[in-house]
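Data block below; observations after.
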Amino acid sequence: MKVSYFPGCTLKTKAKELDAYARKCAEVLGVTLEEIEDWQCCGGVFSTSRDEVATKLSSVRALKAANDKEQPLVTVCSACHNVIKQTNHQVQTDAEFADKVNRYMAPEAPYSGETAVYHYLEMLRDLVGFDKIKEKVVNPQTGKKIAAYYGCLLLRPNKVMQMDDPENPSIIEDFIRAIGAQPVIYASRNECCGGYVTMESPELAKKKSNAVTGNAAAAGAEMMVTACPLCRYNLVKNGSEIPVVYFTELLAEALGVKEDTNA
Amino acid sequence: MQVKEYKPLIVAFCCNWCSYAGADLAGNNRLSYPADVKIIRVPCSCRVNPMFVLRAFQRGADGVILCGCHPGDCHYTSGNYYTRRRMALLFSMLDYLGIEKERTRVEWVSAAEGAKFAATMNDFAEKVAALGENKRLEDLRCKR
Amino acid sequence: MQKITRDQLIEKAASLLANGTVSCVLGWQKGEFDYDITPAVFDTEDELKANFVWNDFCGANFSKYLVSKTKKCEGKILVFLKACDTYSFNQLLTEHRFDREKVYAVGIPCEGMADIAKVKAIAGDGISSIDCSGEKMAVTTIYEDAPVMIDAKDVLAERCVNCKSKKHVAYDELMGEDGDVIDSARFDEVAKIEAMTPDERFAFWQNELSRCIRCNACRDICPACTCEKCVFDNPNSSVENKSPANSFEEKMFHIIRAFHVAGRCTDCGECSRVCPQHIPLHLLNRKFIKDIDSFYGDYQAGAEVGSRAPLVNYTTDDLEPGEVFERGDN
Amino acid sequence: MQRIGVFVCWCGSNIAGTVDVQAVSDALKNEPGVVFSTNYQYMCSQAGQNMIKDAVAEHKLTGIVVCSCSPRMHEATFRKTAAAAGINPYMVEIANIREQCSWVHKDMVTGTEKAIILGKAAVAKVNLNTPLTPGESPVTKRALVIGGGIAGIQTALDIADAGFPVDIVEKKPTIGGKMAQLDKTFPTLDCAACILTPKMVDVAQNDKIRIFSYSEVTDVKGFVGNFDVTIKKHARYVKEDICTGCGACTEKCPMKKVPNEFNLGMDNRSAIYIPFAQAVPKVATIDPNYCNMLKNGKCGVCSKVCAAGAIDYKQQDEFIEEKYGAIVVATGFNPISMDKFDEFAYNQSKDVITSLEFERLTNAAGPTAGKLLRPSDLKHPHTIVFVQCVGSRCDACAEKGKEYCSKICCMYTAKHAMLTRDKYPDTDVYVFYIDVRTPGKNFDEFYRRAVEEYGVHYIKGMVGKVTPEGDKLKVQASDLLANKQLHIDADLVVLAAAIEPDKSARPLATMLTASMDTNDFFTEAHPKLRPVESPTAGVFLSGACQGPKDIPETVSQAGAAASKVIGLLAKDKLTGNPCVASSNELMCNGCSTCERVCPYGAITYENKEFRMPDRTTAIRRIAVVNPAVCQGCGCCTVACPSGAMDLRGFANSQIIAEVDAICK
Amino acid sequence: MHNKNQYLQEELLRTSGVNPKKCMRCGKCSATCPAYDEMEYHPHQFVNMVESGDIEPLLNSKSLYRCLSCFACIDRCPRGVEPAKLVEAVRLAAIRKQGANHLKADDVPAMLDDDIPQQALVSAFRKYAK
């Protein structure tokens, strides 16, 4: 299976390991990630304002590129996924916006939101299947008590993201089970860590991070997994009691390819 | 030259529960509309057979309008939904045969819409009058 | 030339008669001329061998005959159904017009039927015989010794040119291979008329319908017109009339006829086939079918037994009668 | 030929002001069939009516045309006049020359012209009128109540009290419904069981009432006064008539780990069980999903310990067919699922519960024997947070919850809060509300007492997130009046879940051809004037199946529904509307087209033998209209391809005669 | 009541797509807001104040820059009002004014550390500068 892949700028710099593990694991699972040519930064945050057009063009270009190859578009970074998926939804539902972006880009054929956008986790669940992952695990993470940290970007707004039940999600927990570990359910897994104000208001970011990690630790977690570089940075910087790792790293470990990965 | 003023003849089929009551309300409120409009009371708009519409045209009507309860408000729950389909097809067929489409109409008028009834009849009568006499679907034997 | 042969059909009918499956056979028989084929009931193999016909002129749709024949015949009737006939067959079953138990239906393939008017246009009048058994149709006239050879494709009836389905939707037994529903261009002609101005449309139909002699052939052949008493024969119906006394009555008859079968008409084309005045009556029926498909979603009468016809159905958000014109203008 | 009398009314100057009434009566005198024509100041007055009666006698009239106000006004009056004069009331037609003529046209000439035409149309119609007699149908003097909660119980008791037999069909093994699960009732705080169980016993002991428990309605045919209903009685594997309800089997049953639905799964019951001590009928039921004997044939303990020999592992579902004159729907409600609202952590913590679960926790017969202990560790909660409007009043675009107000939550929450503070004064109780809605007798007073006398903290605002951490529930909420975000460490969170109609309601509505709204509440025939009747004749509504209701309101509606049923069953015969459809069997094709458009299911088909012209006979399928069910819309008449179907009072020929008269 | 900010109000409602009239004043947005304590005006106040045309105080408030864009208020609002979209609309109205950028490039270096992901930087510029 071939899919279009949008790594995003953080995965090219501060979160290289997230990217490297994702590529390696995809290989093992029989998925070819074809990186989109000349992709540009998604901007890191989606503007809900209907008159913000130019800032969303990079996302539309990526979507269009995937559509031209008739492939689904896969992202690993939660923020890129959120921005691209919301942009796609706006193209689908806001005719004025769709018209404007098509005028800007002047493509041969207009883009109207045909591309299916998957987060890497959704790709594992819906395109690969957790059962297949289970089969491929050579190094089950048995005994590890792992707390899934969703944050906000994967789940919300639910009307658009449609990844999982926004208040009681299970996709990462199912992933944790698939690699042989034990998920720890805690209420703050879908609460915001304050990542977006880590520069603007470090105190607020700290307070929110600590609430999340504290809740996970209190629930008995030994480790947290996340898909978002900003969440991870924020949780770690603000002194999480327990380690915070990318889900792809754990997956690589379970699939037995962590050591060969050039991260 | 003396020309007799042309007065259209309009037959309005009104369902007993909504539109006939709406016509009564127009009367109660003294909302005038042309005397060219003559109302026939039917229990439900779905009682109106396409043959009645054709019969009216044959006998010299210049316009035929059906009025019933608003969709969803039918006294018999679903009658007007059938009316809607029947008349949509009939009107489309008349249009296909080259009969002026302004001569036929279906309008939903509730018992509370006296003003709408009068306004509808004024508008319809005006449109029909503008077309002049019904020539394309007339039966000369029946002409006054 | 038809793929299936007369002999195969006779053999099938004879064996079904012999083993008692059926007690009589509804089939085609030669009329005054070779192209003038009429329906007939056969009781024995001998009768079949003597008079049964199967060629490019066997257009007659037998479904309608089942309404009366099943009431009269003891035991089962064998009926041969072309793909288009099976739709009428199902539609009549939907309307409980005959007892399915009394029929043994054999689906037969059809390569399309010929239009005698088109044959005459090529071969001329005075046809004495037509032989459809070869690759080409051999038409002999009283004026020439050598037969005129005609390619069947060139004389295909309009309804067969625009054949909507080679798929049999009902049968007890199928001879030959079943075909598919065809994406035909049967609505093109309707669309052409729709595209005219109202005045042109009026003139077009005035010209066509004024030829009507009210022979009632269109009604009598129509498999949807099986009423115990037709409104046109009922003095209390207000539309009874015997002759098209004036232009209104021509139109009224045809509007009402088409409306009565709207949603039930399978578009078998028999009305136009039998019209002695060559009025394109199917264009009225197809207008309703086209409208129904576009207003309420695709519907093929007779495709399934028991389906709910569009005129006895509704949705709460159907389009308003006034909107049909807006659509037409676009 | 008819002998028609025409009576033109002046209506004072209402008609005579714009219409030359004399000209009208003169013009109509010459119409076919008219033998007498006159005009008078007020035709509807006693004198006017006497004039009609006299004319009928004098001119041997067979039909009457009154040119007057709208038939919606005085048609009934003139029909009575006709009947009094000895002619059939349906031989009267009204020409509406007031509302549709004199009041809308100002010019005397056009007004008079139109009045004459309308009069001619009426005359043309009367010429074709035939005397009509309303059909009659017998009434089966037995009522069916579907649902055995307080609504069904009250309706059944009231109907039985009037002397009519009633059957209650209840899908659970016992009647009692939601009210049996409640602890106390607002605003008086009587114990629910104390007021409900005597009524349940009354039902059991009333010889007019039969209870079909553990049963459901599977088919309804027929019409008002004459319903044929099929009831499926599920096998309970216990002979109801023999079981004494001693409970020995439930004690000895080795399978004790079945979630107890009566306590909403907060404790367990055995596989053979009696739902609760006061169950009616008090007989045991075997749960086939858990019974080892039924599942794999290994056990049989209950059969051994049953002294009465009531256990029957081979029992089968039973179908009962019964006739009823009236059907009352009392299918009740359920709290909605909390799955879509997990910001409140209902699925994550046992200590986040719904209000109905709270009822069980405080009930003496509940899982904690009435002590308020939280489910996770059975400790006494010291801080309780109540959240109102969970899933109620949601906008459709939020794609979860219900758009309506569930109506009962404000009051039961006040009750819970008050009772908690009363029993456990050391407990802090917070109630988060959007609005407190207390319209009802003594309701607001009750709520104020909770605040003022019992010290419940009512906070205007909403809870945004509940985070279970350690043994606490961290509640994050807003206090809109203080403009603060609150963080409360609670021990127990109680959610006032929205209520919705029971899932059985929709299939039932289909069977009954009764209509429902988009929320699956049954619709009433008229929201104000006929609130306990469904638009389908003979089907009545009781309780929360029609909309959210508290107990007092439910009981009132139950009584109202019962009185409507009694009114129906008290009649020996039902008189119908004579203007109904009928099919000419000689012309009928039996094609089923009419049946498909009939909204009332009034048309059936039968095979009938006909003599053919050639002296043979043939069986033909023909349509038969049930005049008691037909409401006279006429839809079938147009659908009928052959014109066999016609409508009495509005026949094809009559309408065409009107068209012709108008277009002449 | 005369509304002197009518033009701005219409602009905010149009760009955000929010209909504040749907709000039933339950306060769930503010109950769920993770940045509540840092805000002078809270999500429900944004909705109510924009509805009443009282927009100036919002334009000048630091609250605009405390919204985490976590969309919790959007998902949990029972009326589908979507307050965060309104907060963003007001924020854009503020920073789109000439020289009104809340985040200036010169201030950035002081905020950085070795590990900060690009995502934090680009999103801050998107949110706080034009």
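The letters A, B, C, D and E name the chains in turn, as written, and every chain counts its residues from 1.
Note that a residue touches a chain if its C-beta (ideal position, glycine included) is under 8 Å from a C-beta of that chain, and two chains touch if they have at least 3 such contacts.
This structure is a prediction, so every number in the text was calculated from the model and none was measured.
Engineer: Quick one: remove subunit D in your head and tell me the pieces the remaining chains form.
Structural biologist: Connectivity check, subunit D excluded: A, E | B, C.
Engineer: On the document's contact criterion, could you list the chains that touch subunit C and likewise touch subunit E?
Structural biologist: Shared contacts of subunit C and subunit E: D.
Engineer: Of all the chains shown, whose C-alpha centre falls nearest the centre of every protein C-alpha atom combined?
Structural biologist: Located nearest the centre of all protein C-alpha atoms is chain D.
Engineer: Please flag the chain sitting at the greatest distance from subunit B, going by CA centroids.
Structural biologist: Farthest chain from subunit B, going by C-alpha centroids: A.
Engineer: So using the touch definition from the top, which pair is joined by more C-beta contacts, A-D or B-C?
Structural biologist: Of A-D and B-C, it is B-C that has more C-beta pairs in contact.
Engineer: Hey, how far is the Cα centre of subunit A from the one of subunit C, in Å?
Structural biologist: 62
Engineer: Can you check how far apart subunit C and subunit D are, centre to centre, with Cα atoms defining each centre and the answer in Å?
Structural biologist: Subunit C and subunit D have C-alpha centres separated by 50 Å.
Engineer: For subunit E, jot down the residues that touch at least 2 other chains.
Structural biologist: Where subunit E meets two or more other chains at a single residue, that happens at 72.
Engineer: Counting only residues that touch at least 2 other chains, which ones in subunit C make the list?
Structural biologist: Residue numbers touching two or more other chains: 231, 237-238, 311-313.
Engineer: Where does subunit D touch two or more other chains at once, residue-wise?
Structural biologist: 343, 399, 465, 597, 639, 652, 656
Engineer: If you go through all the chains, which pairs of them touch?
Structural biologist: Touching chain pairs, listed by label, come out as A-D, A-E, B-C, B-D, C-D, D-E.
Engineer: Give every residue of subunit D touching subunit E within the complex, in rising order.
Structural biologist: Touch residues, subunit D against subunit E: 343, 389, 393-399, 401, 434, 460-465, 476-480, 483, 485.
Engineer: What does subunit A use to touch subunit D in their complex?
Structural biologist: Where subunit A meets subunit D, its residues are 159, 165, 167-168, 185-188, 191, 214-215, 218-219.
Engineer: Flag every residue of subunit E that touches subunit A in the complex, lowest number first.
Structural biologist: Touch residues, subunit E against subunit A: 14-17, 34-35, 38, 65-66, 68-72, 74-75, 82, 84-85, 88-89, 92, 103, 108, 111, 113, 115-124, 126-128.
Engineer: Provide the residue numbers of subunit C that touch subunit D in the complex, in ascending order.
Structural biologist: 71, 94-97, 226-231, 234, 236-238, 260-261, 264, 308-309, 311-313
Engineer: Within the complex, which stretch of subunit E touches subunit D?
Structural biologist: 22, 24-33, 36-37, 42, 44-45, 72, 76-81
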